[in-house]
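Sending over a structure as C-alpha cells; questions will come in a sec.
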C-alpha cells in the first residue's frame, strides 16, 4: 500500500457518505476516520420541522435508489399530460429516450417541457397533475438502461 | 516507513476532512490524530483575551510538571512572610513537611495560613509578596518526596 | 461617580449591571464560581475574580470572599443584583464598614422591609391597607387556630424573613393547621435562618400588582408606575407587563401615593418595589416591599424610557435623580416572558449544553440573557436563561409582538418553558386580560 | 388586509418583513436560492419556495420565478425588501398585471425616480434646489468637457439609472474626463442596462442627510424626520443616525417641506426617502429619491416609535395611515452600525462559517440580523450580517450604548467590520459630530 492508495481512499471517504475506513492487505493495514459533520444547522432544521412551520422543499432522493432524478428547472405547476383531456406523457414503466418530453412545468402561463435526462424507464412519478413544484424539486426517477 | 511518508500523511490529514489515521506496514505502525477543532467556547476565550478585557484566572499548572500545586482556598492578598520585616516562610528548594505553613492569604483582615499539602521541597513560588490571588489560584508547586 | 464597581452576582442580571456600568464609563469587576468560568458575565466585565466553588454558599453567597475580591480589585462599590446577597442587611453593613458603597438601600431599610412582620406594622401605622392578618409571629398551634378563626380561612402562612414568593403555604382547612405550621417552621428555619411565621388572609381571584419606586435618599421618591405580575407559577413570576389592564389613571395614582407614603417616610434610597394584592373591586393591600432591583425592571424601562439600573447606580454614587415625577409618563405597553431552562410540562429545571441558540430580534424586542450556543447550563443556579421583553403602542400589538418573538426563539439541547409561554399568550383569557394569580394552574 | 404575502428577498430584510407580517397576522412565504436552504428567513416564514440557483439573476432577480412562486402559493401581495427587484418598475407592473399587489410605490413613480435625470427635472420644476449639474445625458467627451467648464471641477459622473451609491465616479482634473466617461459608460451599461450618464458638481465637506416620508397614495404624505448618513465608505452607508447634529427644528421643517413637495405632487404611495446633500452653511440640495424601504429604517422607528414596515404593508393593502403629521415627534437619539462580513482593514468581503455568534442585548439595543452560530455565509450576496441599532435619551448616551454593544458583539469564524466601527465611535470627531461624506477615509 503506497501513499497514492491512501490518497485515493481519502478521496473516496470524502465523496461518499463514509466516516471511517479500515483496510488491511498482506503488506499493511490502514484506518482513516473522517471529521464529524454534525453541526448546529442540522439540529436547527430538526427544530424547525418539529415546530411544523418550515415545509420540506422536496422528497430527498437517495443515491441507493439507483435511478436518475429529473428535477424541475422552474418554480411552477406540474402537469403530467399535454392537456387535461389527454393521457399522461409517461407512467411507471414507460420506456423513455433521452430528450423525450415526460411532463410540463407551467410558470407564468408558459409551458416548459420537462425532458428525460437519459434513456431508460420511468421508475417513479413523484408529483401529481397540478401539483406546485419548486426549483430543483425531483419530478421523476428514471431507471437508466443498463 | 520513513519520515517523508509520515509528513505526507500529516499533510493529508490537514488538507482533507480527516481526524485520525492508523497505518501499519510490515516495518512499522503509525497513528496520527488531528487536534480537535476549536470549539466556540475555546475560541471565545481567545477573542476575549485578544480584546484585552478578560484576565486570566491563573497560570494553569500542568500535571506533567510533576509537582503538587498548592492553591489558594480564598480570594485575598498573598504574603510570603509572617510580617514585612521577617524572612519568607519558604524559598525555592526549602524542604517542607505536610501541614507546615508556607504562606498567608489575607482576606478581610484575617490571616489564613497556607499549608503544604505534602512532604517535599518547594519547586516553585508562583506569587510575590502582596499579590492579589483568586480562589483556586496556584501559589506553590511542591516536588513531593519520592 | 464611581470608578470601578464589583458585580456580586451572575447570569443575566450581572450582565445587565455590567452593561449599565460600561455605559456610565465605570470599570466592572465580575465575580464567579468555579462552575461559571465560561459564563458570559465573566467575559463582558473588564475584570474578573474567582471567589469560590460551585455551591452558592461558597461563592455568590460568600460575603467575606466578595468583600475580599472587592478589596484586591480596589472597587468603590458593590452592586448585588437580585437574589443572593441583595437583601442581606448584614452584607450591606459590612460593605459600608469596609469603605465600599453598597448599591442599594440603607441597611436599616433592608432590615425593616426584610422582616415582613415589621414591614406590615410600619405600613399599617402609615394608614396604608395591609393584607388582613397577624402583626405578631405565631406562637404555637393553638395561637394559629385562634387567628384562623379570627380572620377566616383560607389562610396563607408566611415566613417573617421570607419574601419573593418563598416560604409560603396555603391553609384551606383548620385540621391542616398543626401540620402545616410544623413544616413551615422547619422550612423557614432552614431557608431563612429564622423560624418566625405569620398569617395572612388568602384571596383567590386577585392580581399581583406592584409599584416601582425610585428614591434619592434625600427625601425625593418617585413612582415609575405599576407592573402586573399575576401570571405566576409556584408563587414565582412568569410573565409581567406594564401597565396593568386592571389599573386606570385614578387607581395608578392611588397605588403610587400609597407606595410613596411607605418609602418617603423612611427617606428611601435606590430602587424598590411595593407589592400589592389587587382585588376585583379595585381595593389593594400591601403585601411586601422588595428593597432591590427586580427581575422584571425592563418592562418599566420600556414604558417610561428611563434606564432604571443607570439611575440606581448614579443615585448610589450620590448624584441626583435625572428625572422628577412629572417627567414620568407611561407610553405604550411592555410585556416580559421569563425564559427558563425547565420542562414545560413538569417545570423541572433542565441543565445541559445548549446546542442551538437563536434569539428573536427586530423592532422593540429586548433580550436580557446570558447563554450562548455551546454553553453548558450548570445545575447549581437559577433556571432563568433570558428575559424576553417587547414593547408596542398598545397591549394587543405587544401580545402579537411577543407571540412572534416566542416563535422565533430557538433553543436546543435543553428544555425550556417557551411552549408554555406560547400557550398562555395564545389564550383568550390572557388576551382579554382576565388574569389572576391562579391563572397558570389551568395551563399545567 | 392581506392574507398571505411573499417576501422577494433574503437576509435581514426578509426577516424584518416576515416579522412585520407575523405581527399583522399575515402568512408569510419566503423564497430562496439553492445557496440559501439553511438561511434563517426560510425558517422564520410560514412557507417557503426554492426559486432558483445561487446566482441572484437566477433566483432573487428572477422575476418570472418569483411571480410563479407567488402564484403556486396563492399570495395577495409581494414585498420586495430593498435591492434586488425593489426598484424595478417593470417587476411592479408584472405583479399588478398578475393580480398580485406590489408592496411599494406605483410603477410610474418608481420609473420617474429611478431615472435620476428625470427625477432631477421633476424636482427642479417644483422649485426644490437640486445638485448643480446637467439635466440632459452626456452626449460625448466634448460635451462633457463643456459641462465641466460650466459647472466647475471637481465633478461627479453618475449613471442615470444608477443610485444607492452605485455607478459614481469623481473627476478632479479635466484630463481625466475622456477616460472616466468611457469607463463609466461601460459600467453603467453592464450594471444598469443603460449607458446614460450625467454630471453633478462634487462637494467635499458635506453631509448626506435624508428625509423619510410615508404616503398613502390618496394625497396624504408625512415626514418621519431626517437621518444623518454621512459616514460612508465607497459611497455605501456605514453608520446612520437620527436626528442629525447638523439639523435643527427650522432646517428639519424646511427639508421636510421640500421632501413633501416632491412626493405630494405625484401623490406618492408607500415609504420613500429623499436624499439631500447638506453643506456647511445649512443649504441643501436634492440628490435622489429611493422609492423603497431603506436599510436604515430602524433609526427612524426608534425615534418616532412608528413601525415603518407595518405601516408600509398596511398602506399597500389599502388601509389609511395610523398616524398624521402631528403625531410624529422625534424622541431621543438612535444610531445604526452596519455589521458586514468583511476585513476591517481592506473591506474585502469575507465568506465562511460562523463559529461563534453572541449578540449584544439589554436596554434599547436592537439587532436585525440573519446569521447564527454554525451558519455558513455564502459568497454570492451582500456582506451585511446584522444591523446593530441603539436608542438613548441623547446622542452622547446613544454613542456610549453603541460602544458597549460593539464591545459585546462576538462573531468568530469570519472577519467583520466591528473593529472599524469601534474606532469610529471612539473618535473625537465623531463624538463632536464633525462628520462628512469623506469622514471614513481617515480611518482606513
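Letters are used for the chains, namely A, B, C and D, taken in the order the chains are written, and counting of residues starts over at 1 for each.
Quick note on the criterion: a contact is a pair of C-beta atoms (placed from the backbone, for glycine too) under 8 Å apart; a residue touches a chain by one contact, two chains touch by 3 or more.
Values in this document were obtained by computation on a predicted structure and should not be read as measured data.
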Mutual neighbours - chains that touch chain B and chain D alike: A, C
Furthest chain, CA centroid comparison against chain C: A
CA centroid of chain A to CA centroid of chain B, Å: 54
Averaged-CA centre spacing for the pair chain C and chain B, given as whole angstrom: 41
Rounded Å distance, chain C centre to chain D centre (Cα mean): 42
Set of chain D residues in contact with two or more other chains: 44, 356, 358, 372-374, 407
Where chain A touches two or more other chains, by residue: 40, 44, 48, 53
Complex interface listing, chain C residues touching chain B: 34, 37-38, 42-53, 59, 64-65, 67-69, 71-73, 98, 372-375
Chain C partner contacts - residues on chain B that touch it in the complex: 39-41, 44-45, 48, 53-55, 57-58, 74-77, 107-108, 110, 132-137
Touching residues (chain side chain D, partner chain C) in the complex: 15-16, 19, 22-25, 40, 44, 298, 301, 305, 307, 309, 331-332, 356-359, 361-369, 372-374, 393, 397, 400-401, 403-404, 407-408
Interfacial residue positions of chain B with respect to chain A in the complex: 5, 8-9, 12, 16-26, 34, 37
Chain B-touching residues of chain A, taken from the complex the two chains share: 1, 3, 6-7, 10, 13-14, 22, 27-36
